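Each of the next two complexes has chain A plus one more chain, namely chain B in the first and chain C in the second.
Coming up: the complex of A and B.
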């Protein structure tokens, strides 16, 4: 049991980081649709750079730059050239995915450095809890931090309120003196960097090495989790862990039902949709009417200005 | 001491929205900015509040020239604006709306902010539940929230852009009280409106703007005649009712029952002859819209007979109604009548009778130019529908009515229009009537109903409540009937 929970948390860590990044981006009103391609290209870049240098950390840095650069293209073409974010994001998805396959081809099968395990002293000795939460590596602790910081910034700081205002009603934020497009640009870049880090986590931490199918479909899943998570960091994190759990479960069941080996790996996808539909249902939201404190958590409204261009006049 | 502008200019494409505007306003006064739709009032106010940057010109506050590049600059010097549609964040709480954009440490101290909200709103005589969502507030309460916020930020100049649109009469009275007390406390209050009566009722002084220029400045009171003339550059004379006799019946309803939601119009018999105007009165949602939609063929009556020019249209489709010469103009000009993102020329092509596969754009442009001239629409053939002001959208809709119309169905034909545009709309409609078209229209404006209808049908609670010929009733009786009371 402990071991299963431990592996779910570890397996979900990159998805948590990626979905937090996308939540930040979308909350500011920009859709970075390129996740499928960004994850793949950054997973490849992270692995190759780490392989050359012999150091995992450098790989993460390179991957973050790749993710941030793709995000910067989406943000700047939207803000400066008023291009449609969805169209640009989709084209970048295809481009980045193909580029990853092409550039990474000769590295398939190589083994690179890995992120060292780092059980936290004392905390990891706590029975059960210690094993589940504190016997991991920096990537997993980073995913915890991503959830906590995102939540705190969103709901406890002025910056977070401004961020949400920009995504909800940019004219309103602008009229209150908030620099709408500057914030949108940098939050999109930050979100993209987090997606890049998530990509590297797949090739340097979750599974060692690079192959084309390493992050297959996970970008799309991340986008769906953000939507069903109602753009709330905690609910989005819940979605990411749910998916991680389904993946681990499917993996373990493969031994029990070898006949289903073809079906089980894809089972998490439809199960995920069913689970999220429930969370998305209006009954869920109605609970929020009775508990105002939970309203943010249970609501599932998209930032109203998501995907739009803000022009002053 | 006061606020002054010098030669403010601002253009959008070829439209000169502000064309050299200069005026001066003393502190402690309630100043009206009056002008018809599209005169350039909102543009000027957005420049004063830093939302737009002027092309040229200068703004002085208390003798100092301001450098207004963004709303942040304006807030810093104490200029705050309530936009035409209050710019609140609907899914956020009242409290979050209050603090968003305010200066202070990164870590939000909500209990501190709540105390401030209570203090400032208390001083202004407002009450808020800080945890409610802005979505659940009325437009009037959203305005109060914005006033509270701007006062908290230290506003010395408060701009209200058409604040009475969309609020109830009581809220309007309360708003006016607030505006007066703000001015008495030494603030400069700018009250922007296209409604004459409001400026007359409220303001100490007035600036009239027409086509981007200041055409008149004076201390109140000024007679309405003068203000109307300044606003529109001409005087309106009420036309006498043209006593042309009615022709044969066009629309005939006999014992028609129509159901839609809570509306249940039962056993209605009504006819409207060629050249007759029937007005539909009643509170919003009392069934007028349902009747219009049924006559337009958008809703099938559950029983009874509906005919136009003797053709039975009972189960007929919308297309059949069109073919029978029925034309419907819904209230939602941009939602139901026009297509956003499509130009004037394209609208006219869409509704033209030309059915060829290819479109001759040169001819379409020429035709559009002709209609733009005919209907004095302020726009170009390539202007998208949403860029037009309400009055010009209505003119475009009028231009789109085919020539051979037998029955015109209009929902709130002049809602949101200024006096000039409304008069124009009716001038065109009455021309149609003289050509023998029947007109059925709904309106919330009793004067409009009494002035233009030959017969008035009053709706109450989803059914027809009373019918009056226009000579036999007056505004007072109509007011009672609309409320479901027969004058005793």
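Coming up: the complex of A and C.
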């Protein structure tokens, strides 16, 4: 049980980091649709750079730059040139994925450095909790930090208020003196960098090495989890862990039910559709009316200005 | 001219980018580009192969023009091709009779398959509140799972189940080809593709349905207030787009593979989205752009065979072209509106 929970948390860590990044981006009003490609290209870059240098950390840095660069293209073409974010994101999805296959072709099968295990000295000795939460490596602790910081900044700081204002009512934020487009640009770049880090986590931590199918469909899944999570960091994290649990359980059960290995790759998608229909249904919305304290957590409305261009500046 | 200039600049920049990439990969760039041309048009049989790949891309792109006109991101197009291929395979496997019975039957079957799959995404959007990008993606993956299940399960090859596909169809279920100049030309698939592009152009340009559909795409709220049944028009767009994608699936199984394989869509759905983006959402330029893109795709397999490069180069090249042309167009447009705005200042 402890071991299973431990591996669920480890398996979900990259997805948690990626979904937090995308949540930040979308909260600011920009959609980075390119995750499927960004994850793949950053996983490849992170691995190749770490392989050359011999240090995993350098690989993570390179991957973060790749993710940030793709996000910067989406943000700047949207803000400066008023291009459709979905269109640019879709093109970059295919472009980055193919670029990863093309440039990474000769590195398939190589083994690179890995992120060292780092059990936290005293905390990891606590029975049960220690094994589940504190017997991991830096990537996993990073994923905890990402959830905590994102939640805290969103709901407890002035910066978070501005971030939400920019994504919900850019005109209002602008009137209060917030630099709408500057904030959007940097939050999109930050979100992209987090997606890049998640990509490197797949090739340097979850698996050691790069191959084309390493992050297959995980980018689309991350985008779906953000919607499922209603743009609330805690619910998004819950979605990521749910998916991690699905992955780990399927892996453990595949000897018992051999067919499961074929069903698993597509299982999240029908589940996602059902979950989205459920989340949008009137019954689910009414729960929020009954428990006002939970309304934030149960809401399913996208940031009102998401995907739109703010023109006054 | 004002449109052409930035496009030409963008194309040259994309080409330069491709050359740099080839140098980075350690390949002789101009030999590689020449191989792209030879690989797609170098001989009669290569030309026939390129035309055969052109057809499903034309069909998928024509359907996407309709859904884009309604303001819809039909990412589910891949799944619609797959389900069209599945239903066409079912007919090809089970319907007895000569070619002239099976040929129309498989085309109609493919259209129905794609139409149903598209309507699912449409209903999820209009009545379930699920954005068509995510409904469509979900259905793409369900279709991909379904085809793997069929190929390995109920429709497995005689002897042993294999991911290489089902049994080859009997010849009456093959789309007829026309032999001349020493090779077999895919006349029917190309005709299907070109006719559908023309029909879509006509539909959007000259009919009441087309004009109202575009109104729905531009502004669903005010169209609804003006009395256009917005949901019905969106579902109609999904239905037409899905049917055309489904026929692309028919072409894939009955004219190209002659059997059902797991990767049956050939990626023509997503490639179609790139084509339509590059064409600026209009049907006019679909045919030449689609031909250019399949030439890159078909030709890039030669890079793998001759130079040992990953054939993903074709996809990189296509993506760069679309990205740069989009940026180039928007850049010149923004400069245009900027200078206009400056002039309009009192």
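Everything below uses one rule, namely that the second predicted complex is superposed on the first by the 291 of 313 C-alpha atoms of A that agree within 3 Å, B and C clash if a C-alpha of one lies under 4 Å from a C-alpha of the other, contacts with A are read in each partner's own complex, and residues count from 1 in each chain.
Please note the rule applied: a residue touches a chain if its C-beta (ideal position, glycine included) is under 8 Å from a C-beta of that chain, and two chains touch if they have at least 3 such contacts.
Note that this is a predicted model, so its numbers are computed, not measured.
Trainee: Just checking: does A:178 make contact with chain B only, chain C only, both, or neither of them? Give me first, second, both or neither.
Mentor: After superposing on A, A:178 lies in contact with chain B but is clear of chain C.
Trainee: Is A:83 contacted by the first partner chain B, the second partner chain C, both or neither?
Mentor: second
Trainee: Between chain B and chain C, whom does A:304 touch in the aligned arrangement: first, second, both, or neither?
Mentor: In the superposed model, A:304 contacts chain B only, not chain C.
Trainee: Counting only touches as set out at the top, which of chain B and chain C does A:224 meet: first, second, both, neither?
Mentor: In the superposed model, A:224 contacts chain C only, not chain B.
Trainee: Could you tell me if A:102 is touching chain B, chain C, both of them or neither one (first, second, both, neither)?
Mentor: The second partner, chain C, only.
Trainee: Check whether chain B or chain C contacts more residues of chain A in the superposed model.
Mentor: C
Trainee: In the superposed arrangement, does A:164 touch chain B (first), chain C (second), both or neither?
Mentor: first
Trainee: Let me check the overlay on chain A: which residues of chain A are in contact with chain B and also with chain C?
Mentor: Residues common to the chain A contacts of chain C and of chain B do not exist here, since the sets are disjoint.
Trainee: Considering the complex alone, what residue numbers of chain A touch chain C?
Mentor: Chain A reaches chain C through residues 33, 73, 77, 80-83, 86-88, 90-92, 94-95, 97-99, 101-103, 105, 217, 220, 223-224, 227, 262-263, 265-266, 269-270, 272-273, 276-277, 280.
Trainee: How about chain A: which of its residues touch chain B in the complex?
Mentor: For this pair, the touching residues of chain A are 156-159, 161-162, 164-165, 168-169, 171-178, 292, 295, 299, 301, 304, 312-313.
Trainee: Given the complex with chain A, which residues does chain B contribute to the contact?
Mentor: Chain B residues touching chain A: 12, 49, 51-53, 70-72, 75, 81, 83, 87-92, 96, 99-102, 104-108, 131, 133.
Trainee: With touch defined as at the start, can you tell me which chain C residues reach chain A in the complex?
Mentor: Against chain A, chain C makes touches at 21, 24-25, 73, 75, 124, 128-131, 133-135, 137-142, 144-145, 148-149, 152, 270, 273-274, 277, 309-310, 312-316, 318-320, 322-323, 326-327, 330-331, 333-334.
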